[in-house]
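What follows is a pair of complexes built around chain A, which joins chain B in one and chain C in the other.
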Partner chain A sequence: MSPPYVMKRTDIKKLVEAASNEYDVFGPVKKRSKHVFGKIDNPDNLVMDYDSTILSPRKYFQPQNEVMMSFDLEENKVEDTLDELRAMRPRLLMAVHSCDLNGILHLDRVFGGEYTDKYYFARREKTTIVGINCLDSCEYGFCRSMNTHHVVEGYDLFLTPISGDRYYVQVGTAKGEHLVHMARDIFQEAGPEDFGAFKAALKHKNESLPHEVDVEGINEYLDLSFHHEFWDKMAEDCVNCGACAMVCPTCYCYDVVDDLDLSLTSADRTRKWDACLFQEFALVAGGHNFRESPAARFKYRFYHKMRGFAHDQGILGCTGCGRCTAACPSDISIKDVLKELSGIWEVAPTAQGGK
Partner chain B sequence: MGNNGKPTVGIFGFTGCAGCQLNILNLEDHLLDIISLVDITSWVMAKAENDDGPWDVAFVEGSIAKSTDIERLKKIREKSGVLVAIGACATHGGLPALRNLADTDEWKKEVYGDDYERIDAIDIKPVSHYVKVDYSLPGCPMDKAEFVEAVKALLIGKTPYIPQYSVCGECKAKENVCLLKEGKFCMGPVVQAGCDALCPTYGAACEGCRGPAPEANWAAEVEILKKIGATSEDVKRKFLKYCPSVADMEEFKELEF
Partner chain C sequence: MSKEQEPSIYETHKCRLLRKYQLTDLESLFLFRFEDPGVAQDWRFMPGQFVEVSLLGLGEVPISICSSARRVGFFELCIRNAGRVTSAIHQLQPGSLVGIRGPYGNGFPMEQFHGRDLLCVAAGLGMAPLRSVFLYALDNRWLFGNITIINSAKFGNELLFQKELEAMKDIATAENISIVQTATRDPDFEGLHGRATVHMDKANVDPKNCAVAMCGPPAMYRGMFDYLVEKGYDPRYIFVTLERRMKCGVGKCGHCNIGTATSWKYACKDGPVFDYYAITSIPGLI
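Presenting the complex of A and B:
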């Protein structure tokens, strides 16, 4: 593994400029009072120090609308878009927070495994990711509670702001090392003093990131609460708009539709983001809806994130990024839901000690 | 089917600004393709020669504002296989129906003077109040892309698709900054999607021209708007502005503003 480096924070611009010769560069940019991941055509627009973005980086791996293939009935022809995707210009994704790096690892599990999603991984393989360490908490996030405030993989380079307006640079992969060599002169190999500065930054992080929500025993709380009136009460404010699902870094549901053109013989088969809050989400042929009431849909969203995902993948399906809370028009806070849930069971018979 | 084997189509306007019909004319990239697929046998706005039906599909724009409109509408319905209401006036009453909120005799006198009684003006209703509507393409104006999608769907025998969720869903997918969080009285949480969040994308609050989404949680929206400073009157106006027919819905009558 490559040794760690240090670099001046202001040299990020040089890195982006050098990388632009080979990559399309994306990263956080300002949008009105918020930030979003966007294309970096001018390195001055890149914001390294930001609270959160409206959408997670998921959009770069599973876009909102994605043509999977085109077909023509007259010519009896089918063409998928994979070759095009595999020939795309490499991308560099800058300044991804730990929560979102973990989010991408969640998606890797979902789209990988037995039935590998080639579209997802074509984009994934074309992307180099530079992560960045959050030393202070953000407005809505609760990463520490979800254990996503640190990463051990999922980045190519990982930057930690350290004293002297510098970044401590960890190299995660050969892709990361390649990026370093594109602007080698801005990186210096880290020495003992830099290790000290790195440790000081981590100490600051450890003291500043709050542990706000206790998810220990969440599976048991959820099992006990399935028929509890709590869910109906919480769902009263929910407008089932799906904003929470759109912004979520670990949501992945999609609908597949054929966008027919006016010849009525050829079409693009497109997949579009779907959300479990939508009325038609669990509607099947014949008219039966497995999640008929809005309150049921609200409830199942939590059960999937906090119970079903864990059952399937072995980890909770929430990274604590707080975007759903930020996006909810009714100000429903996932932290509050989790806190109230554990509060229902004052003496919860959890395996973790019966708090 | 017409003589040429193509389905026959009639496009009709009632009370409104005619902007939805104009939107069909504005479909410059698609109009020739559409004409090659269907035979538009009646469309007073665009054609000199128009026949009297029957039509496989009728697209009806505008609200029903005069008693004589009712008969005309019923005739169109009788002669049409499928009737599609297009635009907010046809689907929900639209802006013209704001006059329902005022005293009819009073404004008639004000506008038309002593001779006001000869003016045929009834309470404005959407098309569905009088006849069966098979499909609705809401919005002010009707979304052009949605119209083209509906034409394609009808031609291949599918149900035209209108998203069954609210504008917030597609607004977030476009990564817009939430206007409610900026204190603007936005109707996005309860209004039917399908417009691709056009207004919020340009920083203008949703005015609700597409009408309520199915299962819209209006009580929550009342709370949302009040929390950012809307008065009961503001909220009511927002709910009724483009879609006054909402006032006839039980859910609306039960709302506490």
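Presenting the complex of A and C:
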């Protein structure tokens, strides 16, 4: 196991500069009043201390639009983009919060398994991730309620801000160790007093992050409230815009579309982000729509996130990042939905399938 | 082969269209053969599984395989002309190439059916996957007891494989096979009238020792379930196949994701064949 290190916060620039020789560097940058993950060409633009970003880092592993194959229609030839992807320049992704690291671990499970998605994992393997510990709460997040305010894997390096304007640096993988060695002189091996400062930071985090929503027993109350009128009431405000799904770190649904070139001699098979909120999502040939009503789609997304993930992966699909709440034009707050839901369980338990 | 060099899960095998045969106004039967001899030798499927058919520049569609699983290197698809990609497939001439990936889905658990009577109930396009089940039983005749197939459609000229089934009738009785074909809304049809459920009494099977395979619209399942359970059919051997928008076929893209409260399924990966319990316990499945 690699030793933990400490580094000066201001030395992050040096790390990015050193890494730029080998990696394309991405991280949070300012965009008007908010932050987004963007390319870091100038280390001064990197913002290590940020509230949240508009989109989650999912876009670096599953891009909004991704050409999987190109077709030469005259020669009937198929060119896969995988080789290109496997030859791409390595990437360094800076300052990823715990909630998003947990989101990436979710995506790993979705795109892994029996049918491993090679496009996703080509990007994943090319990317070195530097995570960062949030010691204070952000505007919309509720990571502590979802148990995603800490990570044990999913990062290559993990930074915790500690006293003396320094970071306590945990190394998660060989990729992380490699990164340390690219700028070895800015890292010092952590001593006992640094470990004390690390513990003090964690203690501060423990006291500062609120525990707002109780999801204990959520499986049961979701099962029992499936036919509850609560869902129709909640869905009244939803305009099915899909913003929540676009910003979500664990939404992964996609559509695959063939885009024909104007000359009709070539085409691309592209996959694009899709959202279960969209009307045609569950439409089948012949015109039957399995989730015709907006309310059915609203409820579906919630159940998939909170119940479907639990069924597939044994863990809730929400990381408590709060982006859906920030993005919703109708001010639907996922925290409020969860809170109300845990309430109706006490008031009006409806038998499963009772309607 | 290392993990690095493995091909994409979306890579297709080239298949050549050998024959196109019109079944009804909207549906035709397409016979395909794999181009690569190695793939042709190794490729196997089970009744109830489906493939993704890819046309370059147009896209992919999920289609159930409807042929006998015995014929190595070849397979048949019964395709309705219903959308952009399927209408393009209908315009293909024999000799054309398409891309195929799969087979996907669980298929019917045929081995569990061995030693039992078999009842197939099809409505409309549902006959396509059930033809594969029926042919499996004929291919392995000695592994099954009595066999009944009920094929239904709104109009007589919409009955899929009507002539093929009709032609089997000569040998059927001697083989303990009952073939029932019915039109639900066609007074002019020279045959049986009414829904499949109406003709269940013609099923020459022992409910207690019978496997049931159904494919049709959700409304048919609801009616049939009540009937079957009442008549003493064993719910552990009642299976249906569901239609969903199986875009990727490999449990990733989310379009065919179903299930709500107590369970959660991908129609493409966990289905499209589901048993009685799954269908009746998961709200939203039918």
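Criterion: the second predicted complex is superposed on the first by the 345 of 355 C-alpha atoms of A that agree within 3 Å, B and C clash if a C-alpha of one lies under 4 Å from a C-alpha of the other, contacts with A are read in each partner's own complex, and residues count from 1 in each chain.
Note that in this section a contact is a pair of C-beta atoms (placed from the backbone, for glycine too) under 8 Å apart; a residue touches a chain by one contact, two chains touch by 3 or more.
Fair warning: this is a prediction, and the values are worked out from it, not measured in the lab.
Chemist: Quick check for you: in the superposed arrangement, does A:F111 touch first (chain B), second (chain C), both or neither?
Modeler: It touches chain C, and chain B stays clear.
Chemist: Contact-wise, after the overlay, does A:V47 reach chain B, chain C, both or neither (first, second, both, neither)?
Modeler: Neither: A:V47 stays clear of chain B and chain C.
Chemist: Which partner does A:A327 reach: the first (chain B), the second (chain C), both, or neither?
Modeler: In the superposition, A:A327 contacts chain B only.
Chemist: Tell me which of chain B and chain C touches more residues of chain A.
Modeler: Chain A has more residues touched by C than by the other partner.
Chemist: Who does A:P294 touch here: chain B (first), chain C (second), both, or neither?
Modeler: In the superposition, A:P294 touches chain B alone.
Chemist: By the touch definition at the top of the document, which applies to A:L260: first (chain B), second (chain C), both, or neither?
Modeler: Touch status of A:L260: both partners.
Chemist: Give one of first, second, both or neither to describe whether A:V67 is in contact with chain B, with chain C, with both, or with none.
Modeler: A:V67: touches no partner chain.
Chemist: Both chain B and chain C contact which residues of chain A?
Modeler: Residues 260, 264, which sit in both footprints.
Chemist: In the complex formed with chain A, which residues of chain C make contact?
Modeler: 4, 6-12, 55-61, 80, 82-83, 86, 97, 99, 243-245, 247-248, 250-255, 257-264, 269, 281, 283-284
Chemist: Chain B touches which residues of chain A in the complex?
Modeler: Residues 31-34, 36, 54-55, 59, 64, 236-243, 246-247, 260, 262-264, 273, 275, 277-280, 294, 327, 329-331.
Chemist: Can you tell me which positions in chain A touch chain C when the two form their complex?
Modeler: Residue list for chain A touching chain C: 68-69, 71, 73, 76, 78, 80, 82, 86, 110-111, 113-119, 222-223, 226-227, 252-258, 260, 264, 266-267, 269, 271, 274, 276, 281-286, 288, 290, 299-300, 303-304, 307-308, 311-312, 352-353.
Chemist: Help me check something: in the complex, which residues belonging to chain B touch chain A?
Modeler: Residues 30, 33-34, 37, 148, 151-152, 155-156, 164-169, 171-178, 180, 182, 188-190, 214-217, 219-221, 223-224, 227 of chain B touch chain A in their complex.
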